[in-house]
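Take a look at this one; I'll ask things after.
Here the chain labels run A, B, C and D in written order, and each chain numbers its own residues starting at 1.
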Amino acid sequence: MSLLSDVLASVFTRNARRALPPPDDARSTEALIADLLSSNAEVSGMTTAAQILDRYAGFDDAARIAFFDHLASDLGVDFATTRSALDAFEADPGPRSYGAFLKAAEPARQELARRLNRVPGATPQLVAMRADLLRLIPRQDARARIDLDFRHLFASWFNRGFLVLRRINWESPAQVLEKIIEYEAVHAIDSWDDLRRRVQPTDRRCFAFFHPAMPDEPLIFVEVALTKGIPGSVQRLLAEDRAPLAAEEADTAVFYSISNCQDGLAGISFGNSLIKQVAEDLAAELPDLKTFVTLSPIPLLTRWLQEEGTDPTTLDDAGLRAAAARFLLTAKRADGLPYDPVSRFHLGNGAYVHAVHSGADTSAKGMAESAGAMVNYRYDPETFAENHERFARAQEVVASREVRALLKTPAPA
Amino acid sequence: MSLLSDVLASVFTRNARRALPPPDDARSTEALIADLLSSNAEVSGMTTAAQILDRYAGFDDAARIAFFDHLASDLGVDFATTRSALDAFEADPGPRSYGAFLKAAEPARQELARRLNRVPGATPQLVAMRADLLRLIPRQDARARIDLDFRHLFASWFNRGFLVLRRINWESPAQVLEKIIEYEAVHAIDSWDDLRRRVQPTDRRCFAFFHPAMPDEPLIFVEVALTKGIPGSVQRLLAEDRAPLAAEEADTAVFYSISNCQDGLAGISFGNSLIKQVAEDLAAELPDLKTFVTLSPIPLLTRWLQEEGTDPTTLDDAGLRAAAARFLLTAKRADGLPYDPVSRFHLGNGAYVHAVHSGADTSAKGMAESAGAMVNYRYDPETFAENHERFARAQEVVASREVRALLKTPAPA
Amino acid sequence: MSLLSDVLASVFTRNARRALPPPDDARSTEALIADLLSSNAEVSGMTTAAQILDRYAGFDDAARIAFFDHLASDLGVDFATTRSALDAFEADPGPRSYGAFLKAAEPARQELARRLNRVPGATPQLVAMRADLLRLIPRQDARARIDLDFRHLFASWFNRGFLVLRRINWESPAQVLEKIIEYEAVHAIDSWDDLRRRVQPTDRRCFAFFHPAMPDEPLIFVEVALTKGIPGSVQRLLAEDRAPLAAEEADTAVFYSISNCQDGLAGISFGNSLIKQVAEDLAAELPDLKTFVTLSPIPLLTRWLQEEGTDPTTLDDAGLRAAAARFLLTAKRADGLPYDPVSRFHLGNGAYVHAVHSGADTSAKGMAESAGAMVNYRYDPETFAENHERFARAQEVVASREVRALLKTPAPA
Amino acid sequence: MSLLSDVLASVFTRNARRALPPPDDARSTEALIADLLSSNAEVSGMTTAAQILDRYAGFDDAARIAFFDHLASDLGVDFATTRSALDAFEADPGPRSYGAFLKAAEPARQELARRLNRVPGATPQLVAMRADLLRLIPRQDARARIDLDFRHLFASWFNRGFLVLRRINWESPAQVLEKIIEYEAVHAIDSWDDLRRRVQPTDRRCFAFFHPAMPDEPLIFVEVALTKGIPGSVQRLLAEDRAPLAAEEADTAVFYSISNCQDGLAGISFGNSLIKQVAEDLAAELPDLKTFVTLSPIPLLTRWLQEEGTDPTTLDDAGLRAAAARFLLTAKRADGLPYDPVSRFHLGNGAYVHAVHSGADTSAKGMAESAGAMVNYRYDPETFAENHERFARAQEVVASREVRALLKTPAPA
């Protein structure tokens, strides 16, 4: 019943939105923004906010850049006001002086975003606005600082506590499923039949985080294969003619693909929570699942080997595995973190390097990037915290004994 | 499907929470908080956050005050750091310096609240925490400034765009309905039968705002009567033996009671949005509804009349109505706003004083507070913006010609 | 999504029904029925059917009896037609002759009921019609035979495969909960607070069967207490000040009340399925639940003892338990089945007599009916089939060794 | 709440079914059936019924035919018993004699089907069983009479009052949508993109009837185009590059495809109800919709013209339209009903022939079957009943003046 009402409510709200287009307004966008930020906003704000959003939606890139210019130049922090508010607060640190300081230190564009968000359906539009910002304003540009305001707000709005984990399967709405096809970033889904093979068989699972204000838009999703034993080949894992395993017979859950869906939520990290929540839920549902691993690409292996002067195509299986282990355990960036981005993600989550495989991804992309090598990162609840600690404090890459042993393999002459 | 998964997800999450009590931890609460605020939080943060919340739940008032002391004293803004970050930002206003400034200017207790909120079910606990704060720390106390941080966060989290309007009726879950009974603040509901008379008849409606992270907790609700003509007596409006009107026959929607439910959300204003959304939805559903009014108490009328030297019990009907009109239109606080709090709310929303009635609330409370007088504030979409403007800019109280005419009635000798 | 649409559909359908009252029709009810049974029915049948139902709803008892007279006298089986169809079928048993026979042998009132049922919302009205029939026409009356047609149809429509088991708890809609209060037949629920004690604590469950065409109407429900050990007192089981047990700690599920809700479904047996389905579901949810028993009244014990010349109030505890055991194991009706109706129900389901208790129901009703004695019938999946077999074939009452031992207690002198 | 519980219930039920495979049983299927039909069935019937269904599912066609033989030969009506029950009932027509007659006159295989249906998920299996029967046993075969028992039961179970109308759109579950692709019988859907064009644009609708016991299986669905004016070309109606119309701007709803989905429900008519319910719902949602028509094929036109000695490819547009009108209005079967099956369906529903078009279906199939001609049947609530009456009583084909005028066109020389 509550469910029904929720959805009715949002359906009606959406309709209401569409049915009442804001009246044309001759004022400039800057004037509309000023109006929305004025005290008037409680009463007429919804209409003004809707107008701004509709106008923005119609902007071309140049107009959007001008819009961001306005946010950066005119809706920021006033240095003098902030400084004197800080002084007054330090002199007499009570509620009133603190309030004045908080108000001064927060740029008006944050309040603008909150007021825009009051319009039904605004949240995905604001997320898209940030995606525009990241696309149109270079990172080094001083105006790029306004991204910090979006990011600050979105980190608060998309707090883990507000996200809902949903299973994606063949009963999911087509409009959600087509987004899975669109956003899959690791192993492309090339048709609805391919999609079905990822979500329908008894030994396949897919989970996504959603936000209640964007119910049709997955934020991030993970594809899971249930297996007996830890797999060493993604082609075998995804083989069309594979006989599906009954879920109850699996002992291992393999996170073989994890994809972010929203460019406008870049830097708001959901992956760690997603993997752990899914692992917990699967463990509760299937008590025989004992092992949680990834089957991950090593996207920079070829490049690094070439930089090192090695032609990966000359390596035999043993040589490739040794090279991959050396890469994962020893190749670092200037800041001491692993060279490989996938590695940084999983090690940062507290996983460790469990095994490396040759001949594991024989697709064109897999051969080009890593000569077919892949890696299992293992998520073990018992060692999460310690692994993370060692990685965070000392950039230490934890690996299984087997992988460490590979380091002792003599490098190819 | 999405509905089911949502609820399954939240059900499982709740169970997971309960099934995995955080392990006992000998560390002090301060140490747990420090840990949660450290970089470690991504990995082990959920457990630490759950421990802090569970510990807080077990605190007595003294321990809660100590907890707030810690937030106020140790997790605030560092003046020196903020000042130098501000200087650096002014000197070179790029993304990096801006980020440093934002971080310095925001007290760590805001980040603490966000990290606590990652725990499933934490949102209502944080709202309850603020209710404790408001109850335990006097407003004038310097520590009361930490309320501004809660309020800032909650204004963002409980943004109108995240709220869901739900109809409350006799199909609603009992656990929601019992909260309507508990929270009704205007005309008390004294039994389930009384509640049923407020929500089930064809000419009664009740609507509430909910937040997805607190699905069982109404935030604010409004009770509506559908009538023919504008009513002038709440007892007749709520009479048990009344013959219900078919909704389609009504021409008027009467907002006769509006109640906030969450002490911990004090000052986060939902009422304006609620009334307007409900009016819009009702107008869409029932095209013959043309008039939207309140039937409101005048809680300070008696007190004001007595301050003015008038004994309200000596007034006849005409005299009382004239006195009520004079009170509503002319009695002001030092800041120029109306003396009457209900009046401030509705006039601030853009409503105007439509009519005053004697003999309108003959309950003990009604007779004591206003000698039985009540008032209709009228919400007219065509005059919202202008009324609000006049009230906001010049504290002007807009009233109907009829009510203004009452001012010309000579005051009782 | 599918859920939403379902409910939207039914909501819209109901509205559609209400919005389009069938036009007034001067024809007699008999004429309307004849029209509905004609071939015309595919096209205009919905309106005609709605008219008949609306007209019936407005009938007083006399008009309803006349309606049933018409069903009995004019819409039954024609002997001559049936006989000749049977002859023709026997002579040449093909699809055509068989179809003619089936048509002849089924009274037209069955087809009438099916056509009436096409109207949205008709199913509960037809169930209510049968309740009228059972109330207004004595069982021995020849016209009572038309009940067999209702019963035949309802047994098909309310087939176990179409029923949905739903848990009733404090999140259930108020309009369902009030029906639980109304229909509870064993231990009356005297207020909403009392109801809450039956459904909300961690050690209480309530389940009901529903039919999709009557979503607000429970058909039958069972109340369950989760306990440690088998209880021997209903007052202790339902004590207000009882400390609830965590569900996971229980080893026993006690079915302490089972109530049919629909007079119009008398004789369509759901109880057996309900108890077994609930037992299965609880066992799956709570693996530590090992014992499934009732705590049942012995409603005819006092009467039987008095017939036997024993004054139950003179018995001590041991004497009463011995008397109860003797009653349950030996008191039979003329047809060889147990004298006690509750006993017939549970033994017929395959349960056996597990234990008898004195001082078990000290309510006025319990003291009057059974001097306070109660009985546990035990549902043991391993012995269901055999117990039932022994009971069904030989009217044998299976009982535990302990209860059988009570038979050896010498009867009071 | 009710929604959730419903689905949980069915989910658990399905799991329960799968989790508890019926034990292997050495008895013959005939013995299992006899057991299920015995009085024992209340207790152990669920397991026995599940065994029979599982066994049937594993049968090859020969075994299925043997199964149907058993139903026909051994579980039918006993002539002698029925005759004597009829005699006894006629002699003393009371409830008891009537009950005995009803029992005798109904073949045991109907009770068998009801008992099989108690197993969760059995309903679609029984529908599939009838599909097998229709496929394997020729219509003229005497054993085909058992189909009348299935048909009788299904007409009762799938009564209009139990069906739920659901909109199918791009939010529908993929597993429902793939069935729309599979079952579309009029204008094939060749991909998910094609499907999307049928259900997602603002001027397209799709509705299906579902039964609660088969929630994933549409029974029948209709595709609707919202247009301005009545269309005369299906290729233009379905053109990929068409600019969609806002639903509110449409004045006409075109039922351009209606497809039955379940072979096992052949002869249980849903189409009439579906079209009328959809027309009603659309009229309520979109008040500007005034015209409800089909755009239908004329599948037998070419064949009939050739029989008449006319080569349709020699006709010009006017000639083809005249020929089509003559065919629709005058070509009859031996029983006086129209030669064209689509025509029989719509005229039987009370629609009339509104217009005929040449060049309306230029697909290979359309050219072959009807030289590209199509027809609009119009559903006008004001003339439903009368049209139907004229058609049912006198086989009169109602047509618009325009179409009737085409009859006066001289036939091609």
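Note that contacts are C-beta pairs under 8 Å (C-beta built on N, C-alpha and C of every residue); 3 or more make two chains touch, one makes a residue touch a chain.
Given the structure is predicted, the values throughout are model-derived calculations rather than measurements.
Look at the CA centroids: the one farthest from the centroid of chain A belongs to C.
Annotation, chain C versus chain D: rotation angle of 180 degrees from the Cα superposition, expressed as a multiple of 5.
In terms of their C-alpha centroids, the spacing between chain A and chain B amounts to 35 Å. Per-chain CA centroids place chain A at a distance of 47 Å from chain D. Chain A and chain C have Cα centroids lying 54 Å from one another. Within chain B, residues 1-4, 7, 171-173 each touch two or more of the remaining chains. Listing the residues of chain C that touch chain D in their complex gives 1-3, 5-7, 9-10, 12-13, 16, 19, 39-40, 42-44, 46, 77, 79, 82-83, 86, 89-90, 93-95, 98-99, 101-102, 105-106, 114, 117-120, 122-123, 139-140, 142, 144-145, 147-149, 152-153, 155-157, 159-162, 164-167, 171-173, 176, 210, 212-213, 215, 269, 272-273, 276-277, 280-281, 284, 348-350, 384-385, 388-389, 392.
On chain B, the positions that touch chain C within their shared complex are 1-4, 170-175, 177, 192, 196, 216.
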